[in-house]
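By written order: A, B, C, D, E and F. Residues from 1 in each chain.
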């Protein structure tokens, strides 16, 4: 047990060090998110009423795209330089290592989105209630995206044209998260209460936490053949 | 002169073969574009009036993001496996080779966007006039994005966290293209005529065609030191 | 050990190939035998709907196609999982043989659904939970096939797409229960195990006949495809060369 | 019921026949594609079996 | 200890080898020989459990490595064409992390000593990407000093190394064999291992 | 022909070498020696014009290579650690494209012959990514058969090659020198070039 947590902690620490070493890489996701959200008013025009309707959708779509793009970095670097190969050969259970990598990846590419989203929501004139639910829905939803994404990223490692494939594989599974995430904010703004949506997102998170590390680990072993 | 066109043709043919070899890679950009444009109704809700107002902005922002993401692929692959190094050592003038690479890149990642944009515009219920101007503005605008992007991509080759850096460098130069591109469609839809906007985009293209290959070539030499 | 050998005898591509060849005509004929009365019931026996008029006749292919899209996915995922766990080649070949047909039925469910939606709801498409999840199912099929095609090594391709198929299974209950869980435009199940059908008997019979026809068709086509798959993957094996020489 | 009435489907002809037609088309095309795939495959394998398979055997060595 | 029976390897349309049998006892080194593309790397990856063989079995202490999994990995160190070195991390960090994941305790001074032994003294804190090719390879090889596994599987360990480094690695191998370890390696260079038994397999025609 | 005067190379905080002078005449081979990390790769990249030296000058036929640029590249073939092989293209396509860009005419049969000479007959149409490490390196080396440049700059051309391939490359070098070509190379293996003059530079302490 202690060796498991030690391995988990080691992987998380490693990936975070790496991310900080190439700090710009971390910022990419965040920056991308901010750009997507902020470019829209530029393209669409500045009417507040339209913007407010769009807000939850735009923020959630941007978050989804940002995490989809960040997926490539989850395993590819390690695959490329042979450290992934080494990871498969350690005496630690692979799902634990995968969970560590996913967690680190989320800390670096998901959490910043959650933290900055309320700020961007203000740009779109969301009410405080809406901002809170937006952040909350992202807090529960983005880990699900990272977990599901890990499976897709692992499956497409080293495959011809991994890029689209990963989107093709992962997107169908992302859409429910998007619908319930954006739906939560909409519901709270129209006074219906976001409870139901948020608890469903929570259920997704639980399911993904239990299943995804195993699936991704199996996928990694297959991809490294 | 003939050797110049031969070299240009060789590079274009090579890059297109490569793109077709990993077909999925080409599709990534297109798929990404289609996804971004189609996810919005999912997040924002299906009201046609809102969607129509958003349309030019959404399509142009999506095109901009798609070309920004495709930039990474412009030189990185060649850098990684040493073929770029070899290209710098050929007896051909580098700007010609760069122009060839940019052209191939646009054929593969820009042109498909132009062709599919009208179809996506229909999803948003744009009038035929608007669809035409949308395609036209993209046809003139996306090569500018590729040309400007080439400079950014060349400057950030092998630099820590090239990802954000390239967006940071390139985005300020992209925004005018976005504003005039989306503006052209808006103007035509509100009956003002898109002439002025389009000719400005044309001027951008001309300027970029003259300056960008030299700048990108210089940037490549610096990056390879 | 003896039991294992026995098992592998039946699941070996070599013995299955001729067996499948013999089964195909039977299922093809059965498909035809269900289709003809099915069409007769759909158009001539079932009465027009008091609300929807004649448009509801789309149901006789829409509903069976929608069922098939989900059933085939489950069967496919089952085979894929079996291939992954037992490492049996035939199972993964069956999985990849079912995928295109499943994708086709998913497409048909979407197509007939939107042709039905236009007169009934006034729109080709709405972002309703069931419609969206059926669309997701189509993407899952396409993803499965693309992943399979993108990997050169057939064994690796089969194993990787098996993982994907298993992960995608979570979508099936979402599609099935979507109408129950959320109040949506799409109508709920009218046939449940507990209550039996809540529609006219002739409509029910027509639907069942068409569903059986689709089933038989699917089996026949899947067997045809798995035979091609077997030949392609085992083309270097001795028995294939012999069979070819024998066929000459 | 006469024929044109039958085809009109109470005004819903386009929708109903659009559904049934495309379904029939899909099923037929799928079967046709499969038959073609099988034919070309058999041809190719036939050609392969005539070329003796010495090449593969040559590469087996330890 | 390690037994390989009836192993077959297929890549694409090509059967690289089939019916391969060998076993390896403590203190023995197996040198896999063969021309470029004869399947040496493929064999090594099978033996360390990364790829599943098309046919045949690999047993460690009598049990199939497929069922042993993590218990087998406890005893194995693999060094492939790719060194498994993160370019952004320093040599020191690279080694500490790989040791920790391998479940061995590697205090800083021990790692520094290992790097020193491989001639990287004073370069412990440079990020690996500024190191020369040979220096990167040395960092990867330093893992051998830190792990205490019994089976080493080394794919061309001597590439990019200068003469001095080759000597160091050869000493390392001798000592490992002397202590009852086992080694499987490929190399196109001459190997000269004084201690232990050296056996050879030749792949290809 | 090639003259290097007072060359200095600085990497990071480290001065790898300074005040280096040498010149190379037709028919001569320069073997750059040195331990790992002594600056061999850095020197070679300077000589072929990829990096600017911190100090000093490199002249080709009396003119600085900085001012010659494309005219110098016409006479040079460089083979680095990275082979410059596109993984998605076949061996054949790789060579045809690199020849075309180098401005030499390489009809298909000539390229096939070159590949055959390097032992890749029958593998011309495999995408490079399925080739083994040594086979990839052979594809890169086949360029030497197709180019007709006078100065070859080769960074560890023998890595990953088996004995047969090393022999082929050595013959190639002899012949090039015999025809009045020039070669600069680094390698940690023994070089045995019968024809031409071999000179050595030792880098490092």
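The criterion applied here is as follows: a residue touches a chain if its C-beta (ideal position, glycine included) is under 8 Å from a C-beta of that chain, and two chains touch if they have at least 3 such contacts.
From a predicted model like this one, the values you see are computed outputs, not experimental measurements.
Counted as hops between touching chains, the shortest connection from subunit A to subunit D is 2.
When chain pairs are compared by their number of contacting C-beta pairs, A-B comes first.
Placing every chain at the mean of its C-alpha atoms, the farthest one from subunit D is found to be F.
The rotation relating subunit A to subunit B, fitted on Cα atoms, comes to 180°, given as a multiple of 5. If you average the CA atoms of subunit A and of subunit B, the two centres end up 26 Å from each other. Rounded to whole angstrom, the centroid-to-centroid distance between subunit B and subunit F, based on C-alpha atoms, equals 36 Å.
Centroids built from CA atoms put subunit D at 16 Å from subunit C. Distance between chain centres (mean CA atoms), subunit B to subunit D: 39 Å. Each of residues 21-22, 160-161, 165, 168, 171, 175, 179, 225 in subunit A touches at least two other chains. Within subunit E, contacts with two or more other chains are made by residues 12, 52, 81. Within subunit D, contacts with two or more other chains are made by residues 56. Only residues 3, 6-7, 10-11, 14, 17-18, 21-22, 77, 80-83, 85-93, 97, 224-225 of subunit A touch subunit E when the two sit together in their complex.
Residue ranges on subunit E touching subunit F, taken from their complex, read 11-12, 34-38, 41, 81, 119, 123, 126, 130-135, 137-138, 156, 159-166, 188-189.
By the touch rule above, subunit F contacts subunit B in their complex via residues 48-52, 70-71, 73-74, 76, 78, 80-89, 93, 97-98, 100-103, 127. For subunit B in complex with subunit A, the residues that touch the partner chain are 22-25, 27-28, 31-32, 35-36, 39-40, 42-45, 47, 50, 53-54, 56-58, 60-61, 64-65, 69, 160-165, 167-168, 171, 175, 178-179, 182, 186.
Residue ranges of subunit C in contact with subunit D, taken from their complex: 43, 48, 53-55, 57-58, 61-62, 65, 100-101, 104, 107-108, 111-112, 115-116, 118-119, 217, 221, 224-225, 227-228, 231-232, 235-236, 240-241, 244-245, 247-248.
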